[in-house]
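The block underneath contains the structure these notes are about, expressed in structure tokens.
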Amino acid sequence: MAQNFPQIDPSMLLEQMLLIRAYEEAIVAGSAAGAVPGTCTSVGQEAAAVGVVNALAAEDLILTNHRSAGHLLARGADPGRLLAEVMGREGGYCGGRSGSLHIAVKELGVVLTSTIVGGELAMAPGVALSRSMLGLPGIVVCFFGDGAACEGRFHESLNLAALWNLPVLYVCENNHWQAFVHRREAMSREHVSDWAASYGIPAQTIDGNDVLAVLAAAQTATEQVRTSGRPYLLEVLTYRTRGHFEPDDQAYVDREELAAWLARDPIKLLGDRLVADGSMTASGHARLADKVATRICAAHAFADASPYPNADTLTRDVYA
Amino acid sequence: MAQNFPQIDPSMLLEQMLLIRAYEEAIVAGSAAGAVPGTCTSVGQEAAAVGVVNALAAEDLILTNHRSAGHLLARGADPGRLLAEVMGREGGYCGGRSGSLHIAVKELGVVLTSTIVGGELAMAPGVALSRSMLGLPGIVVCFFGDGAACEGRFHESLNLAALWNLPVLYVCENNHWQAFVHRREAMSREHVSDWAASYGIPAQTIDGNDVLAVLAAAQTATEQVRTSGRPYLLEVLTYRTRGHFEPDDQAYVDREELAAWLARDPIKLLGDRLVADGSMTASGHARLADKVATRICAAHAFADASPYPNADTLTRDVYA
Amino acid sequence: MPILTLYDAVGAALTEEMRRDRTVMAFGEGIATKRHELVSEFGALRVRNTPLAEGIIAGTAVGAAATGLRPVIDLLFAPFLCYAMDELVNSAGKLRYMSGGQWSFPLVTLAMTGAGWGVGAQHNHNVEAWFVHSPGLKVVMPSTPADAKGLLKAAIRDDNPVLFFLDIGLLHEPGEVPDTEATIPLGTAAVRREGHDVTLVSYGKTVHNCLRAADELAAAGVSAEVVDLRSLKPLDMPTVLASVAKTGRLVVVHEANRLCGVGAEIAAVVAEEAFASLKAPIARLGGPDAPVAASYPLEQAFVPQAAAIAAAAERLCRRQYA
Amino acid sequence: MPILTLYDAVGAALTEEMRRDRTVMAFGEGIATKRHELVSEFGALRVRNTPLAEGIIAGTAVGAAATGLRPVIDLLFAPFLCYAMDELVNSAGKLRYMSGGQWSFPLVTLAMTGAGWGVGAQHNHNVEAWFVHSPGLKVVMPSTPADAKGLLKAAIRDDNPVLFFLDIGLLHEPGEVPDTEATIPLGTAAVRREGHDVTLVSYGKTVHNCLRAADELAAAGVSAEVVDLRSLKPLDMPTVLASVAKTGRLVVVHEANRLCGVGAEIAAVVAEEAFASLKAPIARLGGPDAPVAASYPLEQAFVPQAAAIAAAAERLCRRQYA
């Protein structure tokens, strides 16, 4: 069935991916220098975030996890407020309380974030339930990793969403790693999408390093969730090309597997394609990179200037 | 592949089912009279327990749950010590500490019992792991309900058993009820065995009210676990024909569904068959019933005579 | 005033609050079956049976609470909370704070607890202190049907996650319950009996044991004041401290295991803030460091009974302490 | 003596115990990657990475422990214990008792806890008191590498389930560690510094804050005794009571939330059993009723620091109490 999805300018997708990469690299550098706390970067996985988030409508809600910078930036988060949050500053989206691991941004519809692996999966049906009980528009997108699919909550979540007809798009970023454990050591099956069928939930596994493929699949998936009011699972195959949490020497990573995925870097893939098909010049590409670098510079300046929270706010916002 | 399984006398299976039924009915009566605490009876599900347990070897280990009388009696537990346990007496298998819900009998290889639904599923891989690490003989059989299959632990357990090649026979007694919730309200799929495939675990769904069918399937399944060293899932379709926990008026139960299953009562099915095919006379059947009644009478006498634990043993056996 | 059991008082509170506020809904393993009158009045969407999976029940409530609903979930017996700890503790209790106050989580979790059913430690384990210890949660445990109704109404209206424990031993005890809109603010203890020699502080079923002990003590010439905490967080320490300031003697009583229980907290606060008024050591009666056996006499022996409470109080009053 | 970090002292204990006893095995999310030397020595069957699923890791350990193995599991950060509560509390803690003593559960659960990494409340939440409150479990939290090694060796040999907490803030601190077979019995506190005016009781990283406070106090003419609990269950109350009998003053300090923490238990026991020797109120310093923020200054502000401890102790010593 052909759908009419809004046209999205691929160069905008490229710019978003460049921004995410530059943001993560700034954190890596800052963290190596001891100026920024370590984080779980999304380097290598930019296409998954950008492809899915650009398929969403403004009223859609997002749940995410510890590896969320891509989701947040693709959704339009300000890199300065993100960086400030990572650095524990009052100007961060959560006033520095979250740090990098549980950033939520209500104004962008990024509703709940848990760094407890599986936490996002547990909360997602409820966010969709409030949509359906209150007659509110929008579907719910829940990002999670292949590791999260090993937690029983994954299954409980799918079962309930299927049973209660909840409009949740489950997006598994299968990046081959669960911290220091390869998915082969942790999953008795190859694909997370196989499990969806056992709940009667439609699913698709796609190449997560091709942002246009991700976008197309996500547009189909969101449309299906929107019209059916029922869950869908998209498994986005990609690779965590940096370590689990900065710094990480990746000594435990198979060099060949890593090299193969690095050769399919999502930014390079799209950049090469746009230059090859003539829709972008090399200098146009460079201009995007410059623009992004300027934004990251400004972000750093903002974050650096933002003060630490005052210790007398230690118990603010515990209770409503 | 034809296997040579030990011949088992069907009249012995009938006797075991009669014993279980008589035991449960004695509890129901005692509990209506206020002399025995309420329990989760296995009435209607006798064939599942008897069929599976008779397929086991002496060295096999069993994990079970709150609805365990059938498993225990089929394994040879003494009804007197069981009843004493239910009544909280010192002569019970657990000195009255368990009551009906978590009876374990080490001497019979009934190793761990949890009334936390899912608890048995969580512990089963570990029992199999100790077999394989210590080179001990025997496979591990884990009984659980359709409700337990809704807990995420079910999935975590299957995933680990598949991944680590653990010799566990998972036996789901799908009795259509999860306390006061029908499985239709709780499961997005019809069969628990569907999930096994998503872990690469072989599985079969069988008629759980035909004890000979259960026995045959369980013999094949145990043989496969024993030779492959890998898990297998047997789903035994049956029905909880009494309430969840005595007393229970079953007002919430669909009369037609119940009647249909009552018409296929496992004891009646086998009894009729044995009489019809001439392998048992009506009076032979009656003699079995008498024998069983005598045992239950003796059991009651034993349990009644067993003292309550002394309050000064309140903190005995907390720590090793 | 109508006479209701505690179980029915909970039903009355649910009914009134669901009438008042269409965002209140209830779900759990069998709640639509066991409280079918709620389904009849509010429909099958607002009152739902769930799959047998406490974690996703709680997680769903947390997600729904953050985004516009006021769920009440029934997790049946307190030990089953073990399957929902992440959702209650790490999500509901922390995500408001960690998000810099972006969300609130108005949800109520019901759980039955304590002795009275003779089914052993996997159904009978008083874990309320876990949630007092954990930040961002409120904890309530009523001792009468009227309190159950008034506190549950307040809990449903509260914008924070509330753990609401129902004492199994009290569930079918009848009591007068107002049929009015009366709510009881969380964090207010009740002085159940006034006295001037010794303060007995408790909650749940052991409040009644304290009242019986106070009768025995009165017969022995000792005047005991009985404080029913009702809320365990917020904890109404001003009421406790005022009572101890008057009596100079304190006995804390609960069924939960003594070690690190709510009684420890109360004793510690009193030892810090009312030291000067203490005339005697603080006595603390609680469950031993043991699971609860199913066997009836052991189940009963686990719970501090009136005679032991009276004996402890009398000891404090009779002996001279340097 | 060799100098090791606490992290490496844990590795040394694991190595020695796995050499001693072939039934000891270790598994967890990444333990085979991060402690690869154990895989090299003992093979991939005895040291295993697991799926990301704390519940089944713990459940598998419980099942294995009951039937002949001595598993050590690494559940990473303390808040992740929330996913394993049923297996630890309802199974490991209760099934020995409920089966009338048929089983024992020799298993050790490792978890990191406390401030020091700046990653917020879903990684930093001190929940050790939950397990002290729950029956059938032992709880340990060392403050030095040597203790970590000796206590872990004892924990592995113990026939009961032991929760073994590693303070993140101490993990990479070096210290002398005996390379002998020395085990430290669970349930023995250590007097880290002798003194006669006031007793400071703590465990984990705040022991070091107490020692710093004792230095400050000494400079101000106050002699403080510092007791490091090491085991939280069994709790070595005789050592605490003996110290309070001598000093007459007690400050209890920990990082965990104050409400219903281990400090409450200690204060309550002292208020009951050492009342006559108390010359001042019992002071208790602990975390506030709040999750821990990621932001460094807030993370630090959460933890009782030496200055606050010294101030509390001095107040007890200087003021006259009726």
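All chains are identified by letter, namely A, B, C and D, in their written order; residue positions are counted from 1 within each chain.
Keep in mind that, in the parts below, a residue touches a chain if its C-beta (ideal position, glycine included) is under 8 Å from a C-beta of that chain, and two chains touch if they have at least 3 such contacts.
Just so we're clear, the structure is a prediction, and the values are computed from it rather than from any experiment.
Chain centres here are C-alpha means, and the one lying farthest from chain C is A. C-beta contact counts were set side by side for B-C and B-D; B-D has more. A separation of 36 Å divides the Cα centre of chain A from that of chain D.
Per-chain CA centroids place chain A at a distance of 41 Å from chain C.
In chain D, the residues that reach two or more other chains under the touch definition are 50-51, 53, 55-56, 79, 82-83, 86, 90, 97-98, 120, 122, 135-136, 288-291, 293-294. Touching of two or more other chains is recorded for residues 95-98, 102, 114, 116, 118-119, 150-153, 156, 159, 163, 185-187, 318 of chain B.
Chain contacts in this assembly form a complete graph, since each chain touches every other chain. On the side of chain C, the complex with chain B involves touching residues 29-30, 33-34, 36, 49-53, 55-56, 79-80, 82-83, 118-120, 122-123, 288-291, 293-298, 301-302. Every residue of chain D that touches chain C in the complex is listed here, in rising order: 79, 81-83, 85-86, 89-90, 93-94, 97-98, 120-122, 125, 127, 129-130, 132-136, 233, 235, 252, 256-257, 259-265, 267-268, 270-273, 275-276, 278, 280-284, 288-291, 293-294, 321-322. Across the interface of their complex, chain C is touched by residues 61, 63, 92-98, 102, 104, 106, 111-114, 116, 118-119, 121-131, 133-134, 136, 152-153, 156-157, 159-160, 163-164, 316-320 of chain A.
Those residues of chain D lying in contact with chain B across their complex are 23, 25, 45-46, 48, 50-51, 53, 55-56, 58-69, 71, 86-87, 90-91, 95-106, 135-136, 138, 158-160.
The touching residues of chain B, counted against chain A in their complex, run 150-156, 158-159, 162-163, 185-189, 194-195, 197-200.
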